[in-house]
Amino acid sequence: MNYIILVVFLGGALLTFFAGKINNVLQDILFLASILVPASLFFAYVHAGNIFNLTLGGIHLSLGINAMSWLFALIVLGLGSMAAFYSVSFMKGKERRGYFYFNFILTIMAMTGILMSRDLVSFFIFWEIMTWSSYLMTVYNGKDVQTVGIKYFVFSAIGAYAMLMAIVVIHSINGSFMIEDLVRSFPEMPVNMQILIPVLLLTGFGVKAAIMPLHVWAPGAYSNAPMAYTSIFSGALSKMGIYGMVIVMVSLLSYVPEGYWFREVIAWMGGITAVIGTLWAIKQDDAKKLLAYSSIAQLGYIIVGIGIGTPLAMMAGLFLAVVHALFKGTLFLAVGAIERQTGTSNFREVTGLIRKMPWTFVASLISIISLAGIPPMGGFVGKWMLYESLLTSNHYLLVIVIFFSSTAAFLYCYKFLFGFFLGQEEKEWANVKEAPVLMVVPMLILSFFSFLLGTYPGIILKPIDAGMQYLGYGITQNHLWQTSVIFNTWGNQVVLQPLLYSIIAIFLFFLIFLTIKSFKQTRYVTTKDISSSGEVPKEHENLTFSVDFMQPFMRAVEPVMRRQIDKYYTGLANGLEALFDFMRKIYTGNGQTYAIYVIVFVVILLLFKDILF
Amino acid sequence: MQEKKIKNKIIKRVKTNFKDARDRNDFKYNRLDFSVKKEIIPSVLFYLKDEMGFIHLSHISCVDWLEEGELEVVFILWSPEEKIKVFVRTRLDRDNPVMDNLDMIWRQANTYERELREMYGIQFTGLEAPDEFILEDWQGPPPMRRDFDTEAYSNETYFHRPGREDAEDVRETITKRSGEDIPDFAKKYSR
Amino acid sequence: MVGTPVLFIVIPLLAAFLIPLLGMLWKELVRIVPGLVLAYMLVLSVNLLNHVLIYGPIVEVIAGWRPPLGINLVFSAFSGFLVTLVVFMGLLIWVYSYRFKRNVDFEPAKKYFLLLMMLITGSVGIILTGDIFNMFVFIEITGISGYALTAFYTGRDSAEASFKYLMLGSIASTFLLLAIMIIYSQVGTLNMADIASKMHTIKPVYKIISFIFFITAIGIEAEIFPLNGWAPDAYTEAPGPVGAAFAGIVVKASVYAIVRYVYTIFDLSGAYDFLILIGLITLIMAETAAIRQERLKRMLAYSSIGQMGLVMVAFGMGTEEGVFAALFMILNHAIIKSLLFFSGSYLVYNSKHKYIKEVNGMSKYLPITSLLFALGAFAIVGLPPFAGFWSKLSMLTAAADSNMLFIIALVLIVSVVELVYYLRVVNRIYFFNKEEKTEPKKPTFNALIVMITLGALILVIGFYPDAITGILHKASADLMDKGQYIHDVLSLNK
Amino acid sequence: MINDKNSQKIVDFISNWARKHSIWVLGYGTGCGAIEIPPTMTSRYDAERLGIRGAATPRQADVLLITGYLTTKTLKRVIRVYEQMQDPKYVVGFGSCTINGGMYYDSYNTINVLDKYLPVDVYINGCMPRPEAVLSGFGKLQQLIGEGKANGATKYKENLEWYRANQKKVIPNWVMPEYNW
Amino acid sequence: MNELWFDIMGAIVTVIVAFVVGITYMGLSRKITARVQNRKGPPFYQNFIDALKLASKTSAIHHGFMQHVGPAFMMITSIMSVLIIPVLRGNAWFVNLNFHGDLIFILYIMVFGPLGMALGAGQTGNPNSAIGVTRGLSQMVGFEIPWVMALVALMMQYHTTSIVDLMNVQIQSGMWLMFSSPFAFIAAVMAMLGMFRYSPFDIVGAPQELASGPMSENGGKYLFTLMSSGSIFAFAKLTLYVDLFMGGAGNLVELVIKTFALYLIPMLYGVTSPRYRTEQSIRWFWGWPTFFGFLAIIYAVVF
């Protein structure tokens, strides 16, 4: 069954690509089918036991699923299906539909393949397919391809090649590419290999998970890809890095003494990633960039959770991974909807869409609340577990770092909502309509789930628990979570259900009080009707405060922002290019020089013949 | 003495360049005064700014010579180096007060010109600025002209609370009532 | 037995000389005959290869002189594989250049196909021969036809490039002759197998010096740094298919020569490490030089040099895995680089200077060519699931098994550089707006067929590498088995 | 029960009492009168002890305090501010200028009688009125509110057309949102 | 069923107590400020009158749905905090939701309201509102750091994240946490200055610059809701401080005394200080308060 799913994906991708030559509607239907059919096949027929073996080029490949990868497959296929529905409407009337659909399906296929891989070679193959198909999406708009696109691919390639090196090294030690064999033999490996292999693998996964020094590709790539795709890019594709990290951190590093330091370093890197991502997100004026940096920051939390590695922390990390897929997927979809309806995603240009696109606003609001980690949404549960796990495992400074990042996140959360939906309504956007139903419904479904998980986290904690048991953790139910209750290891708890009901009750009470009593009496006035020193703003006067939105805060943190990792990378790249340009000049184009080279070559060989041969 | 020399020099230079410029040189202090025709105003001002160092435009003012049927526009320039100010006057026809826009010489002239346009009705050809400046929704004649009767206008346009017509200088009455004298300083202001 | 190896040399040579004569009969024959010849040779070589894989190598003696005195041709799994590859590439080049640019006219076409046949003859000869002087002759044949082909466009630049090639080529001949002289003076024989069996009798100094001269001489043809000064110019100025021929045929033959010397003839232990060293230097120099190039073909040329460096590194490992990886890379490189040259030529078809920036926005005018170029670019940097990945993986696995972690890291870092410049070109093709300067030319039907065939091959090998790995394994085992080679050749004596 | 007349009376009494003791003033500081407000609010006269405090925006304010002459230009803004305030609201005219134009009675662009344009509940006489006078004026206003007689807003609503005609007479170019609380 | 009604009644009583106490404190603060400024000042019940007046005003207009929902959000936050924070030790009336959440939950539910209010303010379209909100959020980032450091120190030291447990610790040891963890108390109190937004940290409202900031378009009922929820919230925060650092309170009188003593700190600091700029305020919080927070953590780790 495993390979049939992949084949269906691949065939669907090709069919969809060529169907565009015949009929657009046919193409849409084929596209949906080639996402949904394999997804439903997956959930219907694939179980942990099914293993499909294949020998290709003398290498033993093996596909199968386990409890851990099932969890991630849930993210990939669930979010993928939602984004697929969205894409059909999103791509209506756009160029390069076949290109988009092809790469979309291919990415989903690659991610499914990664999760199914039981050996490192097929893991790597699917990883690379994922990389280049996502790269092709990154350059979809044809904007900044030589900078953003290349940067993305170069970082991905560095990561992937690090991984490849690890794979061949593992093979030379083990004589096998199977992940199981790696896990089994890792504790007996020599110490330098025990350090080298995780470092290489973590580099590979860290690139996709946008961990701190390797994150610079993310903002550009996330914002350049079409938004329907970026929701997967940020929601699911980055989780592949997390998935790999989970394997490395838990299956390999927990069994060796050096693992402790790896965990600490990775956790701190995650923490710093969270802070830096948040600070840069606050500075952005473009919603895509903002969400991209926010993704970096959120992935930082997840990495912290996985890095700490206590049962509660691991659960927090995985739960956050799921919830992040939900809310960040929704937010990117919302930005896509706004961009489609208005033509821009810049906060300075778009304002006051709340009355034009109310459902998009509702989805964004719920997702933002979830992102900010405010109860009663799913984000809170993940954050709570993360804090409690950090506290109970004595990472006090990390708590502060995470808390700072999380508090500062409110700034960009508000900026997102204010920039798009609130503020003065402008004449320019007076005719903006709500996005099509097919775009709104996936957003609402996704945001509903992040609401649901805030009350009944047990729904998703159960598969997480199963996955963690697969990784070797004990059963965590009953002492860490129940359907609607979460505990920390000190025995403190948060009971979500009554809290939620209280919140809803109070909310309804005051909504009734304010709405029924005054909504009828009050009438709507436009946002031009504000108390601005008695002036009446003219139609063309936009009083919305959107330029340098968080300037006071930025001034306060200005010393931190002055240094950018990106600049160092750019400097390095420029230096290398200059070096290469110098190297190029060795080929002077002069025949005499070449002849001299030959003579020099011979002379050198003759001089050093004793050493060389 | 020094000042006088400089002043004479300036007058000489201006007069050689602009033959029909009439000057007045009887001011005590650092002040000069030229009257020129409106056609050569731009060239005079350019000359004063670029050649003579009168780089600062202090003000553009206007005098309404109702009896002579003319409006006199006064440009007040200031030379920070010589510490001398120059008044350049020109006369416009009161019925058709038109002259050239000068805000390319000094950017701030724009403001003064808008004010003059609004208050005296002088049209500056080529002046690019919104119509309204200080008087919003003004529909009457230019209010600073001497033939504009502000009280009549006010009576016509605005409401008046009755009782002000028979309002007199009540100070005399008060004095009688309380037996006080009007203080000397107050007498000056008395009607 | 379906044919003998000697046909591989006789038939194309004959065809080459007959082409002008046949041209007198019917002008079109000039074009058709080489194709027929090459097709026949392909059938022949495939048959022979099949035979060889089952029954062991064929050793053919020319004119009845038995080794070690006479000249013999060895068609083993290793050389047979390379011959098949060379002939196959030759056929594709023929199809592609059937009416390519100046070939449309009779006179140039006559010269072109004549020289092409000579080139193929020489290359096949280098691979098949079992005699070092004979190899020298074939190298000269290859070289001379190469010089002429480089100057095919008869421009100033072409002449200059050709002259550089010629100059270095003559230096190469000198060194080769010197080396042969030393060997002959010491061993008294020119037969490879015989030399190999007597190599332990030679004094190390002579051995090493002759090896150095050999390496220098063949290294010039095999484009190792710093002997490859001619290559970028030649690739740039020669016609597109000739570039492919250099990359797919000449260089392969030269690498074969080096490998034969290192593996079979000489027993120097340091030679393997030397191969790795020189391969790495070549790789790094070429790839770093490629990234800043302004002309498309020059960039491809440097990339080609770099790939050959990589092949050299793989050969230098000296293990069977390494040889397997190297052969796999040779195969992939032949296919992919030819595809890149072929499609690249059409992308800059009407441009005078072949600047990279002139490919901007070509995807709108030449969709299939652009797609194939992109496919080739993705494949050559080793992205799965395309062909290049498997060779890279096998190369790295072999390196890891030989504990060469540093080399793995270096190769991978250089791969990133390679990735960058290929992606830049692909991005230009797809996402930039076309400048008005050059007029895109649609590829001819036969060119399209060739390119699609190569593209399909890339995909086939990518998705099903087992199609080729069996042969490669046998070929690499064949190369490693030095004693068997000597035995096979010298046993004819008895 | 709520609509019962007596209970309505009680509610009115309570709310009037509250309004009376909590007066949030929006000072429209035109002319020289604004300088009299700081002493009124600060230590010496301390208007806050009577529940009088400043309001930042018209939305929060109860009383619009117009401290001096109003040109036609500022009148427009004052009307705008007044219409933005929420019921119940009161206007206090401060100084002679608002009563009969004061020393600007013959100016070509100041209005002379404020109550033709806005419903003034209390005038404070003087040029300038001292803080004592201001406090006394507010005392009067409190008294009126307590008695429920400070119904300028109602008057304005009822006679809106008359007020509008007067306003439009001096502000011919009328571009303001409609007032329909 | 009976128990549920009892719970609901208890919750309502808690909220009413919080409202009354909080709004009285606000009135008292005006009185005390006036006395400091050598004025007579309004009566202490002045804020009741203000609230009553605001409630009796009409609200004729709105700028959109969020303007209605924003104050409701604010109210939820206040009421939720006051329900989750233990008001009295072991009193059946005030149990509410004490055992359903913990400190981290409270930290997060506390920002729910400002965010909702910020949304309401944003919908009005008044630029002053948005500026005020950005200042408020920025300042929040400032003072949350020492505040969280203090809390983390407490949680580390006593191995619990529950307020009830922390209160029990104080009862058992017989010593208030403000004495046993002095640095945490100092950091928390310094953070409290920002939390109450009295001068010099009143950068959000800043009537002189921003026309009362986020509230500038809210009058009448909206302002009433905000005002009452603000007073409930103030009470909740004070109670939290009392619970954490002063051993909680056995009865309402004790609670009022303790909370008022705490309340005097930001208020008296406020009357004597001019306003900071936003970034000055943030940097102030990241200076000494954070230093004390670090000390608190070191103290918690070492002892």
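Here the chain labels run A, B, C, D and E in written order, and each chain numbers its own residues starting at 1.
Keep in mind that, in the parts below, contacts are C-beta pairs under 8 Å (C-beta built on N, C-alpha and C of every residue); 3 or more make two chains touch, one makes a residue touch a chain.
Only a predicted model underlies this, so the values are computations on that prediction, with no experimental measurement involved.
Engineer: Can you name the chains that touch chain C as well as chain E?
Structural biologist: Expected: A.
Engineer: What's the fewest number of moves from chain A to chain E, given that each move must go to a chain touching the current one?
Structural biologist: So the least number of steps between the two chains is 1.
Engineer: Where is the C-beta contact count highest, in terms of which two chains?
Structural biologist: A-E
Engineer: Per the centroid of Cα atoms for each chain, what is the distance between chain A and chain B, given in Å?
Structural biologist: Using C-alpha averages as centres, the distance is 70 Å.
Engineer: Round to the nearest whole Å and give the separation of the Cα centres of chain B and chain E.
Structural biologist: That gives a centre separation of 61 Å.
Engineer: Where the CA atoms of chain D average out and where those of chain E average out, how many Å apart are those spots?
Structural biologist: 35
Engineer: Where the centres are mean C-alpha positions, what is the separation of chain C from chain D, in Å?
Structural biologist: 97
Engineer: Could you check chain D for residues that touch two or more other chains and list them?
Structural biologist: Residue numbers touching two or more other chains: 57, 59, 76.
Engineer: For chain A, what residues touch not just one other chain but two or more?
Structural biologist: 523, 525-526, 528-529, 531
Engineer: Residues of chain E that touch two or more other chains: which are they?
Structural biologist: 58-61, 211, 216-217 - these are the residues of chain E that touch more than one other chain.
Engineer: Going by the touch definition at the top, which pairs of chains touch each other?
Structural biologist: Final set of chain pairs in contact is A-C, A-D, A-E, B-D, D-E.
Engineer: For the complex, which residues does chain E have touching chain D?
Structural biologist: 30, 34, 37-43, 46, 49-50, 52-53, 56-61, 205, 207, 210-212, 215-220, 223
Engineer: Which residues of chain D touch chain A once you look at their complex with the stated criterion?
Structural biologist: 28, 57-59, 76-78, 80-81, 84, 175-177, 180
Engineer: Inside the complex, what are the residues of chain E that reach chain A?
Structural biologist: 58-66, 68-69, 71-73, 75-76, 79-80, 83-84, 97, 99-102, 104-105, 108-109, 111-112, 115, 118-119, 122-127, 130-131, 133-135, 137-138, 140-142, 144-145, 148-149, 152-153, 155-156, 159-162, 165, 211, 216-217, 221-222, 225, 277-279, 282-283, 286, 293, 297, 300-301
Engineer: Would you mind writing out the residues of chain D in touch with chain B in their complex?
Structural biologist: On the chain D side, the touching residues are 72-73, 76, 99-101, 105-113, 116, 166, 169-173.
Engineer: Provide the residue numbers of chain D that touch chain E in the complex, in ascending order.
Structural biologist: The contact residues of chain D facing chain E are 14-15, 17-19, 21-22, 24, 42-43, 46, 48-51, 53-54, 56-57, 59-62, 85-88, 181.
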